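Letters are used for the chains, namely A, B, C and D, taken in the order the chains are written, and counting of residues starts over at 1 for each.
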Amino acid sequence: MQLIPDPPGKIIDGQIFFEGENLLEKRAKDMQYIRGNEISMIFQEPMTALNPVYTIGDQIAEVLILHKAVGEVDKKEIKKYDIIGKRKQKKNLKKKSIKKAVDSLRMVQIPDPEKVAEQYPHELSGGMRQRAMIAMMLACNPKLLIADEPTTALDVTVQAQIIDLMKDMQRRTNAAIWLITHDLGVIAETCDKVGVMYAGYIVEFGDVQSIFDWPNHPYTRGLLKTIPKITKKRGKLDIIPGFVPNLITPPSGCRFHPRCKYATSECKKTPPPLVEVEKNHFVACHHYEDVKLSVISKYQQVKP
Amino acid sequence: MNDEIILKTDHLKEYFPIKSGIFSKVKDYVRAVDDVDIYIQKGETLGIAGESGCGKTTLGRTILQLIKPTDGKVFFMGSDLSKINKKKLRKLRPHLQIVFQDPASSLNPRMIIKKIVGEPLVINGVAKGADLEKKVLELLKTVGLTEQHMYRYPHEFSGGQRQRIGIARALALNPDFIVLDEPTSALDVSVQAQILNLLKDLQKRFGLTYLFITHDLSVINHISDRIAIMYAGKIVEVAPTKDLFKKQLHPYTQALLSAIPIADPNIKSKRTHLRGEVPSLIHPPSGCNFHPRCPKEMPKCSKIEPELKESSKGHFVACHLY
Amino acid sequence: MLHLFRHSLLSMIGLALILLVVFIAIFAPLLIQEHPSYVEVSTDQGTTRVEERWDINFENKLLPPGPEHYFGTDDFGRDIYSMVVWGTQISLKLCLMVVLTATIIGVILGGVAGYFGGKIDEIIMRVTDVFLAIPYLILAMAVAAALGRSIENIMMALIVVWWPQYARLLRGQVLSIRENQYVEAARSVGASGWRILFRHILPNSFSPLLVQITLDLGAVLLVAAGLSFIGLGASPGTAEWGLMISMGRTHMFHAWWYVTFPGLAILITVLGFNLLGDGIRDITDPKLRR
Amino acid sequence: MKTWEYITRRLILLIPVLIGVTILTFVVSHVIPADPAMHFAGGPKAQPETIERIREELHLNEPVLVQYFYYLNDLVHFDLGKSYLESRPVTDSLAQYFPATLELTIFAMLISIPLGIVGGIISAIRRNKLSDHITRFIAIVGYSLPIFWLALMFQYAFAYQIPILPLEGRLSIGVSAPPPVTGLFVVDSLLAGDLEACGSALYHLLMPAFTLGFATLALILRMTRSSMLEVMGADYIRTARAKGLSERTVIFKHALRNALIPTVTVSGLSFGALLGGAVLTETIFNWPGMGRFAASAVIGLDFNSVMGFTLVVAITYVLANLIVDLLYAVIDPRVKLGGV
């Protein structure tokens, strides 16, 4: 979304395509049009992501007015210096957009939306804030919603509500959702496709089903095994040795090699390319075949 | 594990006063821990699970007398901790230790590791000089650190390593009982597994008793023998881990377990939906404090508070359904 | 720690300025052409005290800056350069005395108030409220006026005025540091209240305190110079910067150097402290480091 | 809690502070001096009879507590004693000088606060660019400058070398003061419809007000800059951008209001610095205000006047901070009035 301020962050290279157009080649003005209207984003901390000094209704109405979802001030109809008339129109517009904001709050199942629209963010609970945030970002029916750890700051029972809400909203608005999370459980339940990232690289990408069943990258495999599960019997947990590297001086070659049991000298030298190992399943590992084999052999040992 | 009860609470309550008005009059209370009865047997791990703000952390601190309880008793090896004087309490302190959630703030940033881990030994006059150094090194090795870590400051360590240091400090005085307050929730999953394994090893080696506090039910399933579920300051269900995951009695426990996303796309969970959110601890609902969200609410739930009763052996529940 | 300064040019300049000022203060006697003499005078109260006197030479009255007198001379023909350099000592001594004494008082009272809370806290905080309800300069002026004119009394007055904010600062620090889990950890291993206060809390409140001290060294100098300017403080003829500006005021339009150089000396010293203080803040407060 | 309830509560809370202030001024005036009577009489050169008379008048022979009671009793009757310098009640003198100081302080704030905020915003937006470095430099020099020296330098530059501004005073010679209503010349002259006097008053205000406000300007600039920078990094700014708002709207609508919250606090505190600075500025610009009066009282050992001045300043300052707190609640909805 190009929301990282420059400096310190800069996109060094690469392209981002949205509906066939490269976003990086767009002017700032066009990007502003796309943001909130076609691509919108919700964040991890609903407390800090909402402006504390404006009411919920105002903040939602702002997007609506901005992207002209409720019409706009008609410049032709009003004389240039007719300030009073202009104000009147603006007021009308505001009224309409607040009304629509209340509707969108109702859509995300906020009880008593009229009242909530007049409240400030700090007067709401965490779950309510995240709902309001979703309402705000879906107000203009975007085509893509980026959700950055939307439930991490919430309790499990509320998390479950929000996840269901997001799925429900997706069904209604037909938007694509890009969910960023560290919680594999949330991914397994909500996503169709998943990309696994390690130290700045996508190491594996594919359908949720195939990734969880046949992880081909050693990191994905380790990750799946280290999490304690409530469905499995207990015992010692598998561990990935070592620590996550920092990104200032990442390891050479494949960034996972210092923690990988399959690592060879090749891994130290060249970063592996992302290859399609089966339909819609990509892996970046020099030894994905070995990994696959070991999974299969283990699977077979258990099966018969 | 044997049946000897090492620690027991009796109607434990912890209310924090809220002051307001011109003369700072106490207007109300935050009922963080409200009438909690639990017991822990020697060598076992009791897990306390609940959502944020349910009072589970306060419970841990109140048990250790880091906060004086408002009412109720805590028995540790037969003596009532809430009654005994400061001096005696200080004598008992070595037996009761705690590992904190946030490895960043639980280590004094201006002390080297040797000082941090050695502090309990110095305060209690256990060791001095070269002996101290030897002891500290031994402790560090126990938790998987080495000699070269002794003279560094906390900020030079990663989260997992810091948590190991915190564990070493808790072990310094050979405690019998350790409260583990969300020891892994600030860590990455891959590191979380390392710490959990370490804790299990240590328990076996030193015969420790754990009170494991967490909001993460999959972690608690992995480590504890029995689990107590806490909701808004009260214990709603206590059962051996296996029983609890097989059969949940309290509607809240059922909802809580069903809400956990499972990291396996093949299992499609059937979810019990809860209305609303966790109530405030200042004005908890009347009767059973879960009734406004309960899918199985009955008329008497809003009037009479259910007691914690044993429904089958070792399985306690506080609900009018049983 | 020093290497961190390198990232900020401004704080480097601050450090350099302060080192320069300290150097001048230490070696003042070697740097100047004229030296003061000391005389014993009787005071209002009937006691005697030692005061510095500079040689008066009416022939050299109000000479502009030149090779003989770098900063010119004043209306009594005294060398302004020598007096400004000499004044460095007086100023630094005053600032340090005031700030350090105020810090000690403030740290003790604030630490006790914050850590033990309750009634003591209530009393100490109400007292600081009262002190902070009156602007510094004005309270110091009233106190100094009551004490009588002298540099020592200005110091006393400034200490009286300055300690409450340290008490406030430290209390706030203690209250926030007390919430850290390592304090709880120390309690859980049986550490006593004083041990926690001195081993765990005070060392961790050192950084913000240091920043405040550095910035205040400059602020105290400004207020002290202001008091001297009004006519409180040093007796006429002393090489005190504020006083010199006050004396030079009547000659400003025909002898600009008289007020300019002492003022520059104040500006440079205060600027040095402020830049340095800002630098230390940026280094020690990771939140502000960007 | 309603606003008036909050104000009442705050006013009630002021009582202990003000009692404390009276104790403090009492201690300073009646206990600290070695011989208060001599002090009040004007120093060691005073005649013994005068000292004895004052001793009687001020009840200095009574126990300290009784003395304090007398002191308080006088205060309640608005009696601050007699000014030995002006041979009239201190209250009369202060009443005469107060409006001039108020006018000067208000104009100093009117100059420094808007300029400081604008400068801070520019500095924050153009971070690490040349304009940022320049404004930051001005700011840091601004609060390192001795105000009295700055005043003299301005006088030298703008009244002597390039004489475009008046050297001192409130009005030009030949312009008569407007009929007193508020005591603020600018307001009074407008009320009287006397534009010449108004112009002259503004003309004379410019230099002293700017001098007095310069340090405040620097402080506010700095505060606004750093809080702007902090706010610009906040999550809700990212949200605002994600909504597709233009950078202008993001800065002025979303960031500024949040960034102003700490600035408002600083403005309240700096009011104290302004009152203190007024003592020096008024002396130099020969401004007939309380500050000049106090400064000459200090020199003339007119103790009653000094203490009276201190008391009035304390009350003004405390009330100013109350107003700031009210403003605070207007800007920041999170501040519930009364949630202290």
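One rule holds for everything that comes next: contacts are C-beta pairs under 8 Å (C-beta built on N, C-alpha and C of every residue); 3 or more make two chains touch, one makes a residue touch a chain.
Keep in mind that this is a model prediction, so the values were computed, not measured.
Undergrad: Tell me the fewest steps from chain A to chain C, where a step is a jump to a chain it touches.
TA: Between chain A and chain C, the shortest chain-hopping route counts 2.
Undergrad: Which chain lies the greatest distance away from chain C when centres are computed from Cα atoms alone?
TA: That would be chain A.
Undergrad: Which interface, named by its two chains, has the most contact pairs?
TA: C-D
Undergrad: Compute the distance, rounded to whole Å, between the mean C-alpha positions of chain A and chain B.
TA: About 32 Å, centre to centre.
Undergrad: Could you put a whole-Å number on the gap between the CA centroids of chain B and chain C?
TA: Distance between chain centres: 51 Å.
Undergrad: If you average the CA atoms of chain C and of chain D, how many Å lie between those two points?
TA: Those two chain centres are 22 Å apart.
Undergrad: Two or more other chains touching the same residue: where does that happen in chain A?
TA: Not one residue in chain A touches at least two other chains.
Undergrad: Hunt down the residues of chain B that sit against at least two other chains at once, touch-wise.
TA: Nothing qualifies.
Undergrad: Which residues of chain A touch chain B in their complex?
TA: Those in contact with chain B are residues 125-128, 155-161, 163-164, 182-190, 208-209, 212-213, 222-224, 226-231, 234, 236-240, 243-244.
Undergrad: Which residues, counting only chain C, touch chain B once they are in their complex?
TA: 180-182, 184-191, 195, 199-200, 203-204, 206
Undergrad: Considering the complex alone, what residue numbers of chain D touch chain C?
TA: Its residues touching chain C are 16-18, 20-21, 23-25, 28-29, 32-34, 39, 43-44, 136, 140-141, 143-149, 152-153, 155-156, 160, 226, 229, 233, 272-273, 275-277, 279-280, 283-284, 294-295, 298-299, 301, 303, 306-307, 309-310, 313-314, 317-318.
Undergrad: Inside the complex, what are the residues of chain B that reach chain C?
TA: 61, 64, 66, 90, 93-94, 96-98, 100-102, 105-111, 116, 119-120, 123-124, 166, 169, 172-173
Undergrad: Within the complex, which stretch of chain A touches chain D?
TA: That would be residues 1, 3, 5, 28, 32-37, 40-41, 43, 45, 48-54, 62-63, 66-67, 120, 122, 133, 136-137 of chain A.
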